[in-house]
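Here chain A shows up in two complexes: once beside chain B, once beside chain C.
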Partner chain A sequence: MPFAFPRAAGWQAQRRRAFLAGLAPSLLVLLAITLVPAAALLVASLTPLSLTNPAGTFHFRDPLGNYLHLLEDTRFLASVGTQLKLSASSVVLQVGLGLGIALLLHGPSRLLAATRAAFLIPMVLPPIVVALIWKIMYTPDVSPLHRAAEALGLPVSSLIANPDTALGAITVADTWQWFPFTMLMVLAALQMVPESPLEAARLDGANRWQLFRFIVLPHLRPVLVVCALFRLIDSFKAFPLIYVLTNGGPGSITEVTNYYGFIEAFNFSFWGYASAIAVVILTGVFALSWLVTRREWNTNEHR
Partner chain B sequence: MTQRRQFLAAGAALGAGALLPTFAAAQGGAKKYAGVTLNVSTFSAAYPKFLQQQLPEFEALTGARVNFDTPSFPVYNQRVDLELSTKGPAYDVVNVTFIYSSRWINSGWLTPLDDYIRNASLTPADWDINDFLPGARAPETGRDGKLYGVPWIAEALLTGSSRFDLVQAAGLPFPDTTDDLVKVLRAVNRKERVAGFVSDNHYGWTFVPYLHAFGGDVFRKAPDDLFPTLDTPEAIAAADYYANLLREFGPDGAVTYTPDQVIQSLKQGRVNFTDQGQLYLAQLGDPATSKTIKTVKFGLVPKGPAGRFPGTAVHGLGIPAGSKNKEAAWAFIQWALAKQTTRKAILGGYGSPARRSDIESKEFRAKQVINGTDLAKLSLDSIELAAKTGHMKYRTVSVYPQVDQQLNKAIELVATKQLSAKQAMQQAQAASIAELKRSGVNL
Partner chain C sequence: MNTANPAFQDLDRRHVRAHARPARLAPAWRWPRALRVHGRGIAALALLLVLMFPFLWLVQLAFRPSADIFSDDLLFTPTLASFASLLQGNFPRSFGNSLLVSTLSTVLSLAIGVPAAYALTRWSFRARRQVALWILVTRMAPPIAFTIPFFLAWRWLGLQDTVLGLAIVYLTFNLAIVIWLMQTFFEAVPPALEEAAYIDGCGVWQAFWRVTLPLAAPGLAATAVLCFIFAWNDFFYALILTRTEAITAPVAIVNFLQYEGWEWSRIAAAGTLVMFPVVVFTLLVRKWLVHGLTAGGLKD
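The block that comes next holds the complex of A and B.
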């Protein structure tokens, strides 16, 4: 069959072209709705665009003006510091708590299954509902937590009005909502841990900690990295909690970078400047993702 | 809630049947705008809700169809600010929001209404623009002297006390001055577990009457000289005084209180005093939800060393510059704020009219007396005072939102002891100057 191969290749190429032609419209739409807004953001960030005078301020005479101004904007720099503190603390807490609770709840009993389901509730609540729940929790007059503490003779003053505890209070609320994400992922990964090395280690006299440290954890490591990365990226979007609980205050203690960008855009109408802030956040998230994924710790091989 | 339900129910009952004869004649007969669709947007509030119920009347009268959209206050402002800036045709009638009024009017984003009002074929003489309080028309007027919005709400910032019985038990009268207020609060604070004072943490609104009372101001002379004056000795003294009210007499977490929380805490009798808008304070008179209806008392904001300067807020209906249906839009505004329509609203329980004839009507006055205090009179006095002194001009300049933010922060910083009043106000001054320069203001 001397002509069989070229004919098969032609048929395969034709099939690939047909698939591509079929995919092209949705790919084009996907590109348009992801890339065009990002490009618009980048373009706006190179202008001093202000809504009070959009025609007069949409120009490129000083394209890096916004970015240079960011370097000397103390409120922006402080917001980056706040963002880093919030991101680091919430990611560590969420991954740690999610891992711990998943290990506790990993098992076949019905009670454990019901508890697992209950723990997922915060994650499926709309963020604004979570914020309102915690607004109640943190308002001493109506909070069951504050009342319980008072009944025990240990009154606690408002955590969101105190500059020393406000950011921590936001971290706790964010952790409450999102530790179930790590828990869910770890529970799924635990199903995949092979039984034979565990059994062999047990026979060799390994204790529970050694089983976890040398067999379970290496298997969970890629999942934990993915969880941390997802939560890290998501932590840059912390908005409803801050908007509802503290409004960035008291003072600027909980003002994270995207909240500051929101104020610049929607309170002050500086859309060019707010776009530059958004571009910096975007770049930061990309850089962090790259840094985390380029490390080769997301494999489950022993090192 | 009950009041609001009664109000809406009454609005519905008055319904679409009664035509407005003067309005119809002026429009040259019915169905003049058949085929026109008007897009109207305001923030969600009692009067727009009443108008939504009355829409069939307007549609029957003119033939126009109306899409009436009422998002929440911040969403409305962001959406309309963006739309007006593009001079787009998406809206035909919008609310001219008080704090944005100068920006929207003086940027040329709205349509002057004087020609429509003067045109006898479009507006009957008895519609009477002069019936709207001069103090309410002032912020709707541009630098060119033209009117860009017709006010539908004029409200004032007043002082409220939910447990005035505690003050009486201490043998003290309602505080008239800033010194009196402190004296009263010292006497009643924490009595029966009631905190002395709290305010909405939008301090760029609730603190400013005290700033003025101490002889300070936001700008050197708004709207012509916008150099901020937040670090003057008077402003620092006012910030120290006000932050101390929150720190010494506030409930736990006072700096986190939003307007709804403030009113709830007064309704439940957990906090005694506040300074708040009349519409919010009127909720303390709701027998269904207020536990303090029998002990509540209201008064003007206190007088300071420099005098008394109540805060006022006015919202009006205006026509965007980009509207393609301006004449029909004017017909809508005229109908929405005709004497017959506003009177219907008053009869239904609407609490904050801008027409003098409504404010002075027997029906309105009867509804505004709560536990012996006439809220309407207090509000009218405040609005007239504001018109006389012009102290509210600071609030309608286009860059006020920038300074407003700084004031919110400064009071929080002082109340939570992060900075002294002097440091916080100096920081607010420096930040305001920087923001205003970036906005292109020549300082």
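The block that comes next holds the complex of A and C.
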């Protein structure tokens, strides 16, 4: 404390106690609703717990059984592959699109400022409404796109019912939903690009592409990496789009790991096995979060 | 040279640029003036229209007479019939549940999280960094990891399919949001003001209540709005932890899709109603929202 106070030691202790009283409820609640469930999940993943086998609750005879089974479960392995495909393609697309739109919208004009707010809409919409919007776009009899294609004499069958295009259709919807995130972050970062190197380069006759490539882009790189990591982490949670658009199908073409875990837990009630799947996802998410925090790109990390 | 004024700076820059460029031959014809000045703005508007087309299509479907939904004709007489028919079924109840659970979760997470955020801002203790990190990581955790334990525990505790049970589950993400965001707002309040209050005889929490919190009020409002939106937008937890009684509006929409056939205009009307509060809030508190949506990602 920078100020002197009589009985300073007593005051400091009192202050510490007050702060502890403020912090304690949150820590206790967080302990109860995050660490306890995480521990329960880990324990459940070591048991064959299921609806048909309630006795399996505290049954640790084969603790790694679920995990060993995961390695042989082709449906699980395929779901990991689908997850990687979906995550990689949608993250690349939304970071690219977000960057492009941010560059277009960065400027002092009033018109640009007004459109910036409207571009945020897809990100704040309830995910279920986003799913609904794309369900309409992808359903031939009600979709204006399908009708337009038909009018042009090029009828297209439903993209989400076709195994070759279903994952692509979900990628498009996911990109549409999340490009505003990158756009927001890049717009904020663009305001911090220093003016003087740009001036100097202009005086030296650099063209717009060179300005972007050699001055602006290096400044944006850390933000783009953070955007990609954040979106990659969030992409493991993809659920409403898949649930509404394809239900994991056709077959299990669009079944990502998260969705497979959901089916094992709440359609088949294999809770022990589903817990093991959730633990695998959780581990992946933690590894990526660790990458994010390691980059020292967070607020409040400066003290 | 007046460099303090950004408008002048801009003029200067343009001036410099004009001279720096190699002289070009004047083209035989030029773009109309409006297009040259607002070219980027017009391109942005056009792109906006293309990208928001699916969204606008949903909204117009909601107002279209249900006999007319398979037509592309944009000249129709808007009707509220689809909204009116929604009022008859179970939808108003699920909408009410959504309002209730989002409000309850917002109030709970603010009541628990705001003092913690303040303590973390003003009190530097040894494990502070680790605690802050743990709180951030809970935001990242995938819902499926929490749903299985909560599903089993809520069945056992009788909290399944209750508004309270769902509101507690929403604390898993909203508490982290509150603690994380409110720290940035409390940091902006100068500690000297609180010290003045201490000298006048206030305790720590009295000074907080009378001095700091009123100064951080806009941030508090923005945080509350964000918590509300996150709870309102949730689908996954609500799908699994509710059955009939505490069903929320997003789950009700999916039930329409699955059980009520393909009544597109009703479904579109329900979707429009569910997104309405969120879009209104977004436009109202856009500036603060940016803070929250990028929480943890931007150094500010």
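Methods note: the second predicted complex is superposed on the first by the 261 of 303 C-alpha atoms of A that agree within 3 Å, B and C clash if a C-alpha of one lies under 4 Å from a C-alpha of the other, contacts with A are read in each partner's own complex, and residues count from 1 in each chain.
One rule holds for everything that comes next: contacts are C-beta pairs under 8 Å (C-beta built on N, C-alpha and C of every residue); 3 or more make two chains touch, one makes a residue touch a chain.
As the structure is a computational prediction, the values presented were derived from the model and not from experiment.
Enquirer: Report for A:I160: first if it touches chain B alone, second if chain C alone, otherwise both or neither.
Expert: first
Enquirer: Tell me which partner A:P140 touches in the superposition: chain B (first), chain C (second), both or neither.
Expert: Once the two structures are laid over each other on A, A:P140 reaches chain B alone.
Enquirer: Which partner does A:M183 reach: the first (chain B), the second (chain C), both, or neither?
Expert: A:M183 contacts neither chain B nor chain C.
Enquirer: Once chain A of both complexes is superposed, is A:I215 in touch with chain B (first), chain C (second), both, or neither?
Expert: In the superposition, A:I215 contacts neither chain B nor chain C.
Enquirer: Per the contact definition in the header, classify A:S50: touching chain B only (first), chain C only (second), both, or neither.
Expert: After superposition on chain A, A:S50 lies in contact with chain B alone.
Enquirer: Just to be sure I read the superposition right, which of the two partners does A:N258 touch: chain B = first, chain C = second, or both, or neither?
Expert: The answer is second: A:N258 touches chain C but not chain B.
Enquirer: So in the superposed three-chain picture, is A:S269 touching just chain B, just chain C, both, or none of them (first/second/both/neither)?
Expert: First partner only.
Enquirer: With the two complexes superposed on chain A, say which partner A:T246 touches: chain B (first), chain C (second), both, or neither.
Expert: In the superposition, A:T246 touches chain B alone.
Enquirer: With the two structures laid over each other on chain A, which partner does A:V280 touch: chain B (first), chain C (second), both, or neither?
Expert: Touch status of A:V280: no partner.
Enquirer: Of the two partners chain B and chain C, indicate the one touching more residues belonging to chain A.
Expert: Counting contacted residues of chain A, the larger count belongs to C.
Enquirer: With the touch criterion stated at the top, can you tell me which chain A residues are shared between the chain B interface and the chain C interface?
Expert: Common interface on chain A, chain B vs chain C: 139, 141, 266.
Enquirer: Which of the residues in chain A end up touching chain C in this complex?
Expert: 1-3, 5, 11, 14-16, 18-23, 25-27, 29-30, 33-34, 36-38, 40-41, 44, 101, 104-105, 107-109, 111-112, 115, 117-129, 132-137, 139, 141-142, 144, 147-148, 176, 181, 184-185, 188-189, 199, 202-203, 205, 223, 226-227, 230, 233, 236-237, 239-240, 243-244, 258, 261-262, 265-266, 271, 274-275, 277-279, 281-282, 285-286, 288-289, 292-293, 297-301, 303
Enquirer: Residues of chain A touching chain B in their complex?
Expert: So the residues of chain A touching chain B come out as 50-54, 75, 138-141, 146, 157-158, 160-163, 245-247, 249-253, 263, 266-270, 273.
Enquirer: Show which residues of chain B lie in contact with chain A when the two form their complex.
Expert: 74, 78, 81-82, 85-86, 103, 107, 201, 251-256, 261, 265, 270, 398, 401-402, 404-405, 408-409, 412-413, 415-416, 418-419, 431, 435, 438-440
Enquirer: With touch defined as at the start, can you tell me which chain C residues reach chain A in the complex?
Expert: Listed in rising order, the residues are 6, 10, 13, 16-17, 20-22, 38, 40-45, 47-48, 51-52, 54-55, 57-58, 61, 69-70, 72, 112-113, 115-116, 118-120, 122-124, 129, 131-138, 140-153, 168-169, 171-172, 175-176, 179-180, 183-184, 187, 195, 198-199, 203-205, 229, 232-233, 235-236, 239-240, 250, 253-254, 257, 262, 264, 267-268, 271, 274-275, 278-279, 282-283, 286, 289-290, 293-300.
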